[in-house]
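Think of it as A, B, C and D in the order they're written, each chain with its own count starting at 1.
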Amino acid sequence: MFKWLEKNLPKIVLAPAVGLISWFVYGFVLWTLYISFTNSKILPKYELWGVGQYVKLWASRKWLISVDNLLVFTALFLIFCIVIGIILAIFLDQKIRAEGVLRTIYLYPMALSFIVTGTAWKWILNPSLGIQKMFIDWGFENFTFNWLVDREMAIYTIVIAGVWQSAGFVMALFLAGLRSVEDEIVKAAKIDGAGLFTVYWKILIPMMRPVFFTSFVILVHISIKSYDLIVALTQGGPGISTTMPALFMTQAAFHKSQVGLSAASAMMMFMAVAAVIIPYLYSELRRENAS
Amino acid sequence: MKKIIIALITLAFTSTSSIAGPKIEVLHWWTSGGEAAALKVLKDDFAANGGEWLDMPVTGGGGDAANVALKARIVAGDPPSASQIKGPTIQEYDQEGVVAPYNIDSVAQSEGWDNLLDPMIAAIHKCENNSGPYCAAPVNIHRIDWMWANKAVFDANGISVPTTWDELNAAADKLQAAGIIPFAHGGQAWQDATVFEAVAMGIGGNNYYKNCYVDLKENCLRSETTVKVFDQMRKLQGYTDEGSPGRDWNVATGMVIEGKAGFQIMGDWAKGEFTAAGKTPGVDYYCAATPSNNGYLYNVDSFIFYKSSDPDKQAGQKLLAKLMMGKNFQKVFNLYKGSIPARLDVSMDEFDKCAKTSNADIKTAGAKGGLVPSFAHGMAQGNTMKAALQDIITEHFNSDMSSVDAANALADSVLANM
Amino acid sequence: MQAKTSSSNYKQLEQKSRYTNIFLRWFLYFVLILFASYFIFPLYVMVVTSLKTMEEIRQGTLLTWPSGLNFDAWAVAWGGRGYGAGDTFLKPYFWNSLKMVIPAVFFSTFIGAMTGYVLTKWRFKGDSWVFLFLLFGCFIPFQAILLPMARTLGALGISNSIIGLVLVHTVYGIPFTTLFFRNYYVSIPTELVKAARIDGAGFFKIFFKILLPISAPIIVVTVIWQFTQIWNDFLFGSTFSFGEAAPIQVALNNMVLSSTSVKEYNVDMASAIIAGIPTLIVYVLAGKYFIRGLTSGAVKG
Amino acid sequence: MKTLKIEELSKNFGTTEVLKKINLEIDEGNFLVLLGPSGCGKSTLLNIIAGLETINEGNVFIDDYNVSKVEPKDRNIAMVFQSYALYPSMNVKENMVFGLKQAKTSKEKIEEQLTKVSSFLQVDELLNRKPSQLSGGQRQRVAIGRALVREPRIFLFDEPLSNLDAKLRVEMRREIKKLHQKLKTTVVYVTHDQTEAMSLGTKIAIMNHGVIQQNESPEIIYNKPSNTFVADFIGSPSMNLIKGKLNENSDKISFTAEGANFDIPINSYDFNNTSELNNKEVYFGIRPEHIYFKKSNEGDFEVNLRADLSEYIGHEQIMTFDLANQELLAKFPSTIKIELNKETKLYFDLTQVSLFDSITQERL
């Protein structure tokens, strides 16, 4: 008995984590999958109904708009976060005075929830209270910055605020990556005549592949999950122009008595997440087994 | 004074037995100034009767967050004792089998609610397709089709309260020319829909409203009248300011109070903001119904009671139901809230001008077939259909969608969700 | 064999590089400060606004400096206005949040550390699959699991309790904490564990006496991450807790969204800052270790 | 014209002085080894030559031109690093031609150089591999190749062999030596390994605490160390330094070890400065290999000492003797049998001794 215990101790220790995740992640996903095939309305029902919810989902204007928004948002969010993150990391890596202070400034938005900062952002972006008013008060009568209330542009304000919140984290990841590169590589490149730009562009950034991967995964998952951001800034408006899948799903389940439809949309989101994450996890596994 | 003594005595007696006394947990989203003060009346009343009140306020998104919490609790098998649910949604919950009519119906019977309420209002609160036992208690009747105007601004621009939509547009043009924001509006989906239903009832008339938004007839939704309604919406949109999208309703009300804007179209809860700012109706501001033919858009706030096996909670539910329909509460609460009592026999003496108007109008409207349920506030339709209508209305209001397209989209959206 | 660079040529090169360097330096600081202002702007607005009176807010712009240090709004946000109904303020909720955060961070970190330890130092067939199995939990959109979660909590009899919230946050923290610890422990030589086993140390002794003492960098990263996530959570808090037991983000939301017609921006901003102070402190004080911790393992993920 | 000249060079990191007024010169085609214990400043000096570190004081000249503020790439140098510092994201070929590409060399020239160098170093088979797919020795070759293709004026090597195992290290050492013989390029080579230094260098500069202790040919460094540090640092086991006193007596000079009852005559010693030698406190230095077990030369000094310890190292053995309570190490062929704890007759080769002032530690 004791021997058995000793031999299996590692697995026993693993059991709580595996058990919890099996139930709370996979069990719940299966539950959602089941519900997506029912005609649940105000509360979950367990009578099977078929694929009607999926048909309804893809016929819904709002869902299509939200998928569209997600694509636009994810693309811009990724590009800006990574570009700004890299630029800041590279610049901070140049033996900068007050690096600690700057780093903290770039990183702190991560610390605050959007429930907190949304208040400020909404105010700043609001044309009659924020930046636009500020410039008009300064005498720039014709200055306009009304993206928040412009249905074509509102999605970009969400990008601005989203990038603000996450770019610092990407910066931290890249800075950490750059700091773990051996000095001698940079020295060798300098002797080889590479300017600062070339050193980063041709040598260091290609070495950051794992960091790119990590950032990509984290950012994609943030953008697919983004909810607080939208609720705090636009609540999906003006109109329904900034609706995103997470908001759609939440509204369907809790506000519109469409629990089944919500489950179907949740399944679509799972699939999107899986489509991005599983290849990543797979390649990760292969890389590890190779080494 | 007498009341306080009684309260103190009850308190003294119940302090030892408070664990076993009536207990209630109420989920609501009344946390803003006037609403919270109104609710406090009930809480105090409840405590004075030896009950223990567990407050469960969840604000955000006009009840969205509260809905999340409510469903989570129902699914968890641990629903609150009562929550703020109204209109056809009461039936939806009843069909899920989570509502407890057995409990408060006895109170309703012994108190004679059938005699105290208008039959139409009473039916809303009965389970089993509006004809069974009572399972919800109404606390008030809100009127939606109100226009709130700053009197000083109107006077300064030589405007009197408009009685037709054309007059209203003319007034708005005048204000705009004078550099005042004519229409204070918060661009949120439910606010857009609130304005829309007032316009629909006013421009389309009462029968049009019932056909379209209560009975959801397709040909009505696609009709020329609907196009006209959307045209008026587009006009109103032109009268809003740039900062409108996303603004909370009470901020919009504040703009009228401060004279930054001319008027707002909003339910009578807006009055609470005027009162809180120390303004008097007729003196500082106008409260007038939006132009219509004796129409009256009603919205009844009510509480639904959930099944519970805890005898303390059942006792609490009974007590709460009784207090909610109590004469005193209905009066005091509505004085704060801006609405009028659901109970017919409450004296309107202490109420202000606006409430009196409302109380008079509801009777006229009832007689002339103008009493219609608000769909924007979930009285005419369940949540799914409400959202289906609201989505199109808000999309139209916030884009350059044509009125014809909007009317068709509205019909399509309704059909898709049938 | 090769051309020698002439002396005038060298001089040119010298000049050029000096000017380029000076220019680059200026450009560097310019860009860094530009971005710093983008990042600091909302916080600046929040702090400045919270110190103004409503009158000042109406008259000035976003950037205007307050006329004096006026902490009235802060006092209101923290302790209320002193009237009964509808007077929400943050003080009691602050402690609720602490009661929830501390155990949740502790448990999730501890379980993550143990799991990471097993997955790297006691490898068995299929352990990578177990890791991936756990990792997928990072990517669950939380709105989708609210209802089944409610059901589970109800069945466990801990719906609407701090314990329930601790459980929820612990569970959804495990994928992240496991990821952090695993990636860190992978970089620690397995020889260390082997040596300890030869010295007669058992499973737990190796963990507590050998690995845990050298885990400081990754513990810092994990704790910061978890603390931030849990402290800032609104969704679970608003769904699975109520009234007086609500965490601070819920209270903040209630405060900010339920004002009267005159929106008191100063109080809103002060409340927002108060709700954000603990995480801000954690980042400012431990930010340095955060980067260091990321360098020592987490990035390699 | 000196290929490399360093003038009064000082460097400090904050308050720590790493280099103190260094002066150094190398002629065309020389192989200079910077040798010293870790932390002596040798790598910093190399980095300064390369232009990778700034200078606080002094100047660096290449071909008589002051390059103190010139960028590394414009100094006409190439460098090989301890960790090889190959660019991990590029393959071998890309690694090797990267510098040429940066210098905008013509395509034909790049191809030509690449072919030449890769066949010379026998890495032509590896051109398409990534550094992670190479063995340590192969990486080293590629790193050298990367330096070679640029045909620099000066090669800088920063401990290039210390990441290799012992056998490979010897092999690569020979290859570097051959390379230098063939190309005759000036080399500055940093190491802490004296064998490497002795076998490779035409000149060795021994450094300690940021100061060059001695800069001479390997023979002179070995035979005439300029101070006790150099004497101690070079040779394995290092030179015996016996504390004692000099006696000058009518032109005859002799050394008496502390506590010893015999004098060692100093006859053929070439003093730098002969003033006041009498009673001077000195170290008498003699290398273990200059102590014999039988008389070889006429001038050898004979003494009886007790053997305390014997260390067998294959072809040789190292014996420890007691000289008036000071340890004396000697190196003999392992075929010689010497009994422990017994007096043995030994012969000091007095032509090979060194004397150091015990206060200044400098060679007399």
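Everything below uses one rule, namely that a contact is a pair of C-beta atoms (placed from the backbone, for glycine too) under 8 Å apart; a residue touches a chain by one contact, two chains touch by 3 or more.
Only a predicted model underlies this, so the values are computations on that prediction, with no experimental measurement involved.
The interface carrying the most C-beta pairs in contact is the one between chains A-C. Geometrically, the chain at the heart of the complex, using CA-atom means, is C. Computed centre separation for the pair subunit A/subunit C is 15 angstrom, with centres defined by C-alpha atoms. Our note on geometry: subunit A versus subunit D, Cα centroid distance of 57 Å, whole angstroms. A straight line joining the Cα centres of subunit A and subunit B is 37 Å long. Spacing of subunit B relative to subunit D, judged by their CA centroids, is 92 angstrom. Each of residues 71, 74 in subunit D touches at least two other chains. Within subunit A, residues 44, 250, 253-254 each touch two or more of the remaining chains. Within subunit C, residues 146-147, 149, 253 each touch two or more of the remaining chains.
Those residues of subunit C whose C-beta lies close enough to touch subunit A in the complex are 24, 28-29, 31-32, 35-36, 38-43, 45-46, 49, 61-63, 111-112, 114-115, 117-119, 122, 124, 128-130, 132-149, 152, 170-172, 174-175, 178, 202-203, 228, 231-235, 249, 252-253, 256, 265, 268-269, 272-273, 275-276, 279-280, 282-284, 287-288, 290-292, 294-295, 298-301.
Residues 47, 50-52, 71-74, 77-79, 81-90, 98-99, 102-103, 146, 150, 158 of subunit D are the ones that touch subunit A when the two sit in their complex.
Residues of subunit A that touch subunit D in their complex: 182, 184-185, 187-194, 198, 202-203, 206-207, 209.
Subunit A makes touch with subunit B in their complex at residues 41-44, 56, 59-62, 122, 126-129, 146, 148-149, 151, 154, 231, 233-241, 250-251, 253-258. Those residues of subunit C that touch subunit B in the shared complex are 84-88, 146-147, 149-151, 153-155, 159-160, 238-240, 242-244, 250, 253-254, 257-263.
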